[in-house]
Amino acid sequence: MLSYSLEKRSDLLPHRAPGSPGHSRQNYLSGKPIRYYRPKGSADVRHLIAEGFQAFNAGRLSEACAIFADKMLAPEHETTIGLTIAGAMTPAGLGGCVIELMDRGLVDFVISTGANLYHDLHYALNFTLRRGSPFVDDRELYEEGVIRIYDVLFPATVLLETDAYIRDFIVRSKLNEPVSTSEFHFRLGLDLMQKHPGCEEYSVVAYAAKAGVPVYTSSPGDSSIGMNIAYHELMNDSRFMIDPNKDVNEVCAIVLAGKQNGCVILGGGSPKNFYLQAQPTLWEVYGIPKGGNDYFIQITTDQVVWGGLSGATPSEAVSWGKVNPGVLPDTVVAYCDSTIAFPLFCEYAIGSQNGRRQRKELVHKRDRLVQALKAEAKAADEKKSQKSEV
Amino acid sequence: MLSYSLEKRSDLLPHRAPGSPGHSRQNYLSGKPIRYYRPKGSADVRHLIAEGFQAFNAGRLSEACAIFADKMLAPEHETTIGLTIAGAMTPAGLGGCVIELMDRGLVDFVISTGANLYHDLHYALNFTLRRGSPFVDDRELYEEGVIRIYDVLFPATVLLETDAYIRDFIVRSKLNEPVSTSEFHFRLGLDLMQKHPGCEEYSVVAYAAKAGVPVYTSSPGDSSIGMNIAYHELMNDSRFMIDPNKDVNEVCAIVLAGKQNGCVILGGGSPKNFYLQAQPTLWEVYGIPKGGNDYFIQITTDQVVWGGLSGATPSEAVSWGKVNPGVLPDTVVAYCDSTIAFPLFCEYAIGSQNGRRQRKELVHKRDRLVQALKAEAKAADEKKSQKSEV
Amino acid sequence: MLSYSLEKRSDLLPHRAPGSPGHSRQNYLSGKPIRYYRPKGSADVRHLIAEGFQAFNAGRLSEACAIFADKMLAPEHETTIGLTIAGAMTPAGLGGCVIELMDRGLVDFVISTGANLYHDLHYALNFTLRRGSPFVDDRELYEEGVIRIYDVLFPATVLLETDAYIRDFIVRSKLNEPVSTSEFHFRLGLDLMQKHPGCEEYSVVAYAAKAGVPVYTSSPGDSSIGMNIAYHELMNDSRFMIDPNKDVNEVCAIVLAGKQNGCVILGGGSPKNFYLQAQPTLWEVYGIPKGGNDYFIQITTDQVVWGGLSGATPSEAVSWGKVNPGVLPDTVVAYCDSTIAFPLFCEYAIGSQNGRRQRKELVHKRDRLVQALKAEAKAADEKKSQKSEV
Amino acid sequence: MLSYSLEKRSDLLPHRAPGSPGHSRQNYLSGKPIRYYRPKGSADVRHLIAEGFQAFNAGRLSEACAIFADKMLAPEHETTIGLTIAGAMTPAGLGGCVIELMDRGLVDFVISTGANLYHDLHYALNFTLRRGSPFVDDRELYEEGVIRIYDVLFPATVLLETDAYIRDFIVRSKLNEPVSTSEFHFRLGLDLMQKHPGCEEYSVVAYAAKAGVPVYTSSPGDSSIGMNIAYHELMNDSRFMIDPNKDVNEVCAIVLAGKQNGCVILGGGSPKNFYLQAQPTLWEVYGIPKGGNDYFIQITTDQVVWGGLSGATPSEAVSWGKVNPGVLPDTVVAYCDSTIAFPLFCEYAIGSQNGRRQRKELVHKRDRLVQALKAEAKAADEKKSQKSEV
């Protein structure tokens, strides 16, 4: 048997001054308010990205910036650009980047998780989300009525009041039939601007309405917005609902109409899938050959090796006809938290010579584009019928 | 200047026999067919998990197995168990695990990405997906008409024929109004069994219909199923659509009716969110205090540090009222590819003494449960009105 | 201004029974002891891996098992097999797998982080590490004198007593010159078996000495073993030290002597690099063309996209002459926590028809192999001189 | 049986213009040269980090910048700061950041993988590494004699010429005894400056020698530098070797002498472990209570959930006495590729009011500090003996 000396730990381990105080119950909501940061196109940031970001994911991010600014935004390409948003970007204050891109005509339509749009409303309604820590006691938060999104903290009443606004809007809107999410978000944005003038500077939903940018949600029941619409149906016997068919067809129609098509994908998830399926819908379902995306930029931390669509490469998308097989050099995935990479990306793009484009205002052209899709699909159908008759 | 000797690389680097041949164009579809593996409850696997999986994620997976088999499945708890599925699980052959769990009454309802259900149909329709490699030339695949899901390969015609079946079913079904995804999948499953007798052993959608397990999709437009429904609306002027409100309310109603509630979350994504939001919908939107989930098992490779909901911990869910603050020890996240961990998990559960339960057959109880939700919500509303009048 | 109803959270959020108790101060060391699990070659596990692990990382792990069992272990290939170990595998109880592989002649040499070997000594010395949780208060642990490795917990005295044994051994060994780590670990293993008869069943270091398997450490100062050797030099003016040159040359010599070469890499880190650099050392430094590894198996969660060597692919290694360019189909990376994948891998290999090989007992052949390396390097040097004279 | 129409893929999938050309054999080395980018302290970047990086890892990085610039660098704290470097930072062009920090006295010693120091020599010797792509055919690279580090490409002759310089230096240095890595790197740096005047602006190793910053390697045999030292021992019967004991004791002595101690950890790996073990060496091996680090900053993509030391949290380090339990609020881990986060971090720090400190020039104080360690350890030993005699 061993008999090395045994001592109590208190004699063994050294102690020192207690250091900074930790997070106490009282100060969960004492952090700095989160604001929508608006990128300005800093020349310094552009220089850092061009000269200092040379390899690995810094290199990828630098490539993504160059592809976006020099190719996708080049006026002669008239690229129709979709932005997809997953991960809690608006709670983290990234909404200002999206607003700036919409304002400058640098994105033409948006596909987002519902949560990002729901939490965007807090800013529009002048509620305050605050910087916090992910290392807090959630049971204490629960007792205190504080809601946590990773390290973003705010009172539970923010949820309840935002819900109350949504339900109030739904009733006032008199919506009583199936609509696309773009239609619903457009009307919501207009209402926000009317009820809270000036709020469009602090709200993606409101600014999108102002700028004519259609905003889609791939999982319409999957957020507090969807929950409140469901409430309206159950409790008020409303016939208002989201019609996912309209979303599918509108996005297809927008992509079909694009002279060139490209995307900026933040995160991955169902918004990524929803954007990318437009091209297969065209050839696989509607029989319309389109040819895949011309540009593909993704900022994500999802890994290809787990096999899911979130982490799937542009290359895998080629086999599905989602990406034009000839353009792989114009596709890039930068592996980085969007909260870091996206503001850098926006600073670069905004400061570039293509930092402003004519807005497409697609929200007002949806019906016409869907009719064009229908006509082309009918024609393809007819051609196929004739062929099989022969 | 330096003048160390320079040589050609061909002189420098050694060569040897060429080794095994790589993947050639001809043999993309020569891999072994992927089958739905059915776990049998192996005692060896149970022993390995209990005794050999002691720490790190092996330890977590072992804990998950024990919580599921010993607590969630314990007859006295009557736990209502939701299974959520993200990531390409059916293409990877995991559908057999889901069928086995449904057969044995071990899951009561399912929330899945649309893609998993769409690709499940290939098996029902007797098409073959094959083992392959993720390291192939996607431009060659494209030329060859081969579709790739990470390392799963199959001909593009599989998509077209599956789509044709779906469109054919939709027309035959005479569906012409908004329905929940559970209703649509139930009818689809019945049709599969009628048209392809015996296919339920090879199809999650079909077996779910047989076993009365409701199957939901959180992003209904976001798969080839949704694409074909959208086609029907555009081309045939149908009024058939998915009503996400019905999905939200049905899932809420199922959770409300649970004596205890628990979930098994594969991956994360919008199915995870859709499941978890049921509890906040109850307290936040319907004013019904329910108290959060009693059990929470997640198998994922999504990381908490990226801040997204996919990787969010059970602890974070406490602050939202999604998880009962008292039960954190009954929550566990095992970080592992589901293709490895889920079959192990199922072998353990099926071999346990609680390896079979009375099926709840919730698909036939949805209407009654939604009415109960409505009644309780109305009562809560009334109580609140009285309170505020006082 | 908004005026939706404001309430206190305590009225809003539901409460329920408190559930299971959390971890209390008293029971940090109440978890089940961690034992070295010994795989037995279960036919059930083999069946699951062969038939149920079909795609994604399950597919990769299945491929890795087949390459190892059917090719690397095939008697006719006489493959020299290195096992590299990073991550806290011995604290997690994986030492039993390594012992079983050494016993059966399935690995010929080992490169490990120092920490794995240091913590292996706890088992040899009959100290107990216990299953715990990663979600504990480390300040409380510190006060209680409990050490944590992720979710493995043990008293701080285990460190102190293990250190005391090491220092005692060093003094008794009378080592007073530079030696390779393989020499040091061999002597340490012999001492353990002498002082604690039978401990080799519970110790990788001891069993390696018994089985003649050389054990290297790539970062010799980087563990408590190295710390105690450094103590001996500073405090006792000893000349005993680790000579990294000897390690480099021994590993080169072993690889040079291999008819075929292959590796099983757990994790990555400096052990992976140390193994893989043997081939470049041969061609780049010694001018001996060897041709790269014939087999390459890695089980890791490190990702290629971060650019580091830990996550670098076998393909990248080809450009360095580390992997034979012809054998990429015999290389595979399975992305999975080793605590899950390695026991499965061992069960498969041990149950295969090649589940036992003649041991190479390389620890006794090191001097001869190094002399062979020297002779071949001298010959290469001479040939090169003659060439450049011409 | 199904009889949906079957067509050839070539009729099904659309084609378009071929897009940009891919990478061809000829242009592997046509990418932009990688340069050591020198951060200048941009006010714009500081503003972005302070105001735009508010949550998630952007928030963490912002906190890291503030802790470093405002606390660690505060003159009154006299913090001894260690920088640890893992991952291929010098190939990616990050050496300029390290040089700038050393020049300004913002880091006092460095622990690096050998690979980073080896590849740093290419810049000193005026060889060119180039921007490339990770998606290239490694068999073609091998044939062409091009070496790849993820997406960094350069001719294999760069390795051979760098090796030739190292071997030439070793011979000229007349080193013939065991030395610490800091001593070896110091002499190497002096030689570089003498042979290639001005190269210190392009070389971490050279600049460290100029600035008196000791540079350690935790795994001395684990790089081409170590390989060439091993060559010298085997082929020239040299007695020159790295003595890891000296490294352990020097780092311990430096940490012991620090009024406050803190670290900036890039990546993780063995350099992280080597830095952190200094505090346990003091209390556990030498019996000297020191109290753990006061500041801890890590930039990494390693995840805590895999259980390894690379991803271990500052909190886990508390239980080992590596981090002062009172200072957790002054510890932070930002999950981000260092190639993106580290230049941002340096811009912030350099532009701060504490952007320049008096250099400690520890390389010249190593002997004195080790003697102080020895004296204190002897005193602790004596005190302990007296105690146990009582």
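Just so it is clear, A, B, C and D label the chains in written order, and each chain counts residues from 1 on its own.
What we mean here is this: contacts are C-beta pairs under 8 Å (C-beta built on N, C-alpha and C of every residue); 3 or more make two chains touch, one makes a residue touch a chain.
If you're wondering where the values come from, they're calculated on a predicted model, not measured in any experiment.
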Quiz item: With residue numbers as the basis of comparison, which of the pairs C-D, A-C or B-C duplicates the interface of B-D in over half of its contact pairs?
Solution: A-C
Practice problem: Would you identify the chain whose Cα-based centre sits farthest away from the centre of subunit D? | Solution: B
Quiz item: If you average the Cα atoms of subunit A and of subunit D to get two centres, how far apart are those centres in Å?
Solution: 35
Quiz item: How many angstrom lie between the CA centroids of subunit A and subunit C, rounded to a whole number?
Solution: 42
Quiz item: Between subunit A and subunit B, what is the gap in Å from one C-alpha centre to the other?
Solution: 23
Self-check item: Multi-partner residues of subunit D (at least 2 other chains)
Solution: 5, 12-13, 55-57, 88, 92, 142, 146, 150-151, 160, 301, 303-307, 315, 321, 325, 328, 335, 337, 339
Quiz item: Which of line, ring, star, complete or other matches the graph of chains that touch?
Solution: complete
Quiz prompt | Footprint of subunit C on subunit B - complex, ascending | solution = 5, 12-23, 32, 34-35, 37, 39, 42-45, 48, 51-59, 61, 88, 91-93, 131, 135, 150-152, 283, 289-292, 294, 301, 315, 321, 324-330, 335-337, 339-341, 343-344, 347, 388
Quiz item: Along subunit B, where are the residues that touch subunit A in the complex?
Solution: 86-88, 92, 113, 115, 134, 138-139, 141-142, 146-151, 159-160, 163, 178, 218-224, 226-235, 241-249, 252, 267, 269-270, 273-274, 277, 280-281, 284-286, 301-310, 312, 315-316, 318-321, 325, 328, 337, 339, 370, 373-374, 377-378, 381
Exercise. Over in the complex, which subunit D residues touch subunit B? Could you list them?
Key: 2, 4-10, 12-13, 55-57, 125-126, 142-146, 155-157, 160-161, 164-165, 303-307, 333, 335
